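Sharing a structure below in structure tokens format, with a few things to ask.
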Amino acid sequence: MEVGFLGLGIMGKAMSLNLLRHGFKVTVWNRTLSKCDELLEHGASVGSTPAEVVKKCKYTIGMLSDPSAALAVVFDKDGVLEQIGEGKCYIDMSTVDADTSSKISEEITKKGGYFLEAPVSGSKKPAEDGQLVILAAGEKTLYDEIIPAFDVMGKKSFFLGEIGNGAKMKLVVNMIMGSMLNAFSEGLVLADKSGLSQQTLLDVLDLGAMANPMFKMKGPTMLMSSYPPAFPLKHQQKDMRLALALGDENAVSMPVAAAANEAFKKARSLGLGDNDFSAVYEAIKVPEPSP
Amino acid sequence: MEVGFLGLGIMGKAMSLNLLRHGFKVTVWNRTLSKCDELLEHGASVGSTPAEVVKKCKYTIGMLSDPSAALAVVFDKDGVLEQIGEGKCYIDMSTVDADTSSKISEEITKKGGYFLEAPVSGSKKPAEDGQLVILAAGEKTLYDEIIPAFDVMGKKSFFLGEIGNGAKMKLVVNMIMGSMLNAFSEGLVLADKSGLSQQTLLDVLDLGAMANPMFKMKGPTMLMSSYPPAFPLKHQQKDMRLALALGDENAVSMPVAAAANEAFKKARSLGLGDNDFSAVYEAIKVPEPSP
Amino acid sequence: MEVGFLGLGIMGKAMSLNLLRHGFKVTVWNRTLSKCDELLEHGASVGSTPAEVVKKCKYTIGMLSDPSAALAVVFDKDGVLEQIGEGKCYIDMSTVDADTSSKISEEITKKGGYFLEAPVSGSKKPAEDGQLVILAAGEKTLYDEIIPAFDVMGKKSFFLGEIGNGAKMKLVVNMIMGSMLNAFSEGLVLADKSGLSQQTLLDVLDLGAMANPMFKMKGPTMLMSSYPPAFPLKHQQKDMRLALALGDENAVSMPVAAAANEAFKKARSLGLGDNDFSAVYEAIKVPEPSP
Amino acid sequence: MEVGFLGLGIMGKAMSLNLLRHGFKVTVWNRTLSKCDELLEHGASVGSTPAEVVKKCKYTIGMLSDPSAALAVVFDKDGVLEQIGEGKCYIDMSTVDADTSSKISEEITKKGGYFLEAPVSGSKKPAEDGQLVILAAGEKTLYDEIIPAFDVMGKKSFFLGEIGNGAKMKLVVNMIMGSMLNAFSEGLVLADKSGLSQQTLLDVLDLGAMANPMFKMKGPTMLMSSYPPAFPLKHQQKDMRLALALGDENAVSMPVAAAANEAFKKARSLGLGDNDFSAVYEAIKVPEPSP
């Protein structure tokens, strides 16, 4: 199977390498072309523009860093739109909002092409290990055809129906994640101030019904106040805001998520927006008395 | 090793059976003596009063249903206190508050006995499987001596220091649990009202970094509005209240736990106090419009 | 002084009558022209389009029902823009968001006209009594010139600086209002469930440091579950959302407003969006047990 | 009319002076007897113990600083209980919890005496001006007899029914107060960070439907970060906690009060407990970026 791949950031590089490793013919493109070199060594071809990639391949996957990059790769000069048409398929795996997704979908469909949004759950490590969870929505026939590629990049894919549902599912999941991390942080602070060992709390949690990979991974670094950004706090807070907005549209009252969102905002006001989202712990901590 | 065992409810029965199964000599007592029969068949001896059990055994374990039962078994006529003394040890594995624990500890220590509080994390199934997590505090030498029994009843035990720390650790853990369940419930409602499949949300969560046994176990029954009480909602709310009170004592601000607590109160006001604590989902759901 | 007046709803009619009563020459326009009749009787002239009014008057005031009406009256055929220009002034007293205001401001300024946004605090009664509070922003010289008209319609006007500040000030005020009404509602429910007289609570509040016209006015009707919409709940909730969004932009954490917003959403989910905003009380009340 | 008066703190002194000024014969007692001197000059008699005052007067009023002082004056040696009995009346105007009040009531009633709890709303200034609001509960006939004294000390008194209702009413009122102050603080911060003048916000609020003496009094001092304790923050937070506990008892969900309570706890954690309760504003403020 032959696929195009647009965008070779941390995620895109890992995903396209997995495709190559499993025998796919891959034509890659990246805004900074030098990033294509490593893929070349692993047997990829390189296209000089998104349009060229789409012209060459029936299926083209996009994995861009944000909504504006996702739009640019489609709508700019030499973009996807110039070559999309009857029999051509575009799969956008970037994390974008439902509006961005709809805008892309509309134009591609107008030109006779097929479109699938397919944001992923999971970051660098799962991308490298082919263990992503893929949240696809849009053209069902395209979903069925592209399954072999999804099987290589992810451990599981879901087809969620109409365009926008992939983006919405990601928001719901990230909202739960943000509230959980607040609950966890409050527990860590309470343990500490009550004279209990925080490390023991981590151990107890890890043995019980609430044990989960996130607590296991973030707990030890939080105790060291170490927050290298796997997922930046400002993005987490943006997702909380968008999830609450989605609830607003549908008259869903979510007081716990709202309280968690305000804690993330507090963390932003402390200048922690570019740290990992687990830095919300710093906003919950009781400040040390000044000397 | 010979141990006494007071209290043969769901938990106590499972725990004492595990002791017998692993070669411990066990003398049991229960308020309703007929409950001792099954243990007799498995080789236990029976004591007619708590005092008699303590007289016979160097180590006696209590597993009572609540603080008042835990106090009664110690302080009432023919209770533990009548035979406790130099060389006698009492281990209370009931879930009680720090005050109850301190009261028992004080009297036993006065008489020259040794005391350990050791509440457990885990319910019926882990008790049967010897997979409890044991949160012990009090007399360290007694903890070291009783480890063989703990190893049979639990998969892991912790020594947490001074009396009261076991109770406090349980509160912290249950507070995190209550907030998590609210986050989960809000996510389920948001998914539903946003046109997403709730079952798919469960599947996605179970594949990601937030996957945990509680979501896996409670999710499907919540979607069926089925709430047989594994842990009654009113007890969960009481633990949230006590955890918030512990935070109050130590000037720890916990807005997410506070919001979750109010949701549990809302659920109580809807008459759901005796249902499983996952019934908080009903208080978060958007009500159906009346016809 | 001669002024044009566009929009004769409940507010606009009362405001233009006050202008007439105090000797202003007023030329009115309304989408449904028959609404101009009463003003005619009081001595107003009538313009057949917004453009005609602007052509005739140096100063034209707009008081439209919502942002889309406020935009239409300016940008549609025969709208304000067609006659605005050097020496012409437009004062929009409608309640609109900062973006709408900026859009109108920009176009009018481009054509050489002067613009002031001037939303008001106060509803029907203060409008009739000339007791509005006017929150103006934009062209300072225009503000100084139009003061005589403001003095007739309001008891006080403020000049708040650049375009958008009027809208923002209204959001801040309405956010405080929404949180206060929630606090008040929670107190009323708590009093009732604690066996206290709600009427006595109203009396006690009215005698103390928290006494305010809103509690005095809304309390008695809330106790009768009567919610004729002076200010619809869905608009109040929208203002809470926009105020929280303003806080989001500026990294301001506002947990009380966030909790109040979720209560308003709950009320919307109960179908109370078109009732007065005091109907949030219904969402806070403990439901009666079903028989 | 002759009354005894126990406790001459800020409040008690002002209240007993008002009684003297209006022709009551007053016998005072205070733990530190020197505090009685000023009252002596104004014509009061002095009793050397609470018991002596009760022996001399049919009606004795207590105004102590806290529950433990209120209990001591009754139960300690030479306390009220020693002389209370048939035909003797005790009116406790201290702010205490319902439990303390019940305990005092029970013992006095057992001895044949009459008891009224009568906490007040209002602080130093209203006490001096005879403008307190009195929240009485207990013995109705005693209430009717003591009205002449209440009329001199307060502008209004309420009879609220059974013992405990006075304390509960105070909690409800203070809970609303605490939430309102949070709403106000959040609004002040939002105004500031949105580029609006905080002073203008105060002015706008003071002209509208939410205008109230508390905002008017606290606003200007808050803007100066000045918090001399009229009502200490730690006491306000304690009242929020007790009000939430009252809600807990009655299954009343109060998310806004809960969020406000957590903000007061945050303020305590910042070391602001002894400041005026308006210092919660400091916990809501966005911290200045460090240089």
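The first chain written gets the first letter, and so on, giving A, B, C and D; residue counts start at 1 in each chain.
Keep this in mind: a residue touches a chain if its C-beta (ideal position, glycine included) is under 8 Å from a C-beta of that chain, and two chains touch if they have at least 3 such contacts.
All values derive from a computational prediction rather than experimental measurement.
Minimum number of contact steps separating chain A from chain D: 1. Between the chain pairs A-C and A-B, more C-beta pairs are in contact across A-B. For the self-contact between chain B and chain C, the two sides draw on mostly identical residue numbers; the shared fraction is above half.
Between the Cα centres of chain A and chain B there is a gap of 38 Å.
Computed from the mean C-alpha positions, the centre of chain B lies at a distance of 55 Å from the centre of chain C.
Among the residues of chain C, those touching two or more other chains are numbered 247, 251-255, 258-259, 262-263, 269, 286.
Contact residues on chain A toward chain B in their complex (touch as defined above): 121-122, 133, 135, 155-156, 158, 160-161, 165, 168-169, 172-173, 175-177, 179-180, 182-184, 186-187, 189-191, 193-197, 200-201, 203-205, 207-214, 217, 243, 246-247, 250-260, 262-263, 284, 286. Residue ranges on chain C touching chain B, taken from their complex, read 255, 259, 269-271, 286-287, 289. Put simply, chain B touches chain D in their complex at residues 237, 241, 245, 247-248, 251-255, 258-259, 261-263, 265-266, 268-269, 273.
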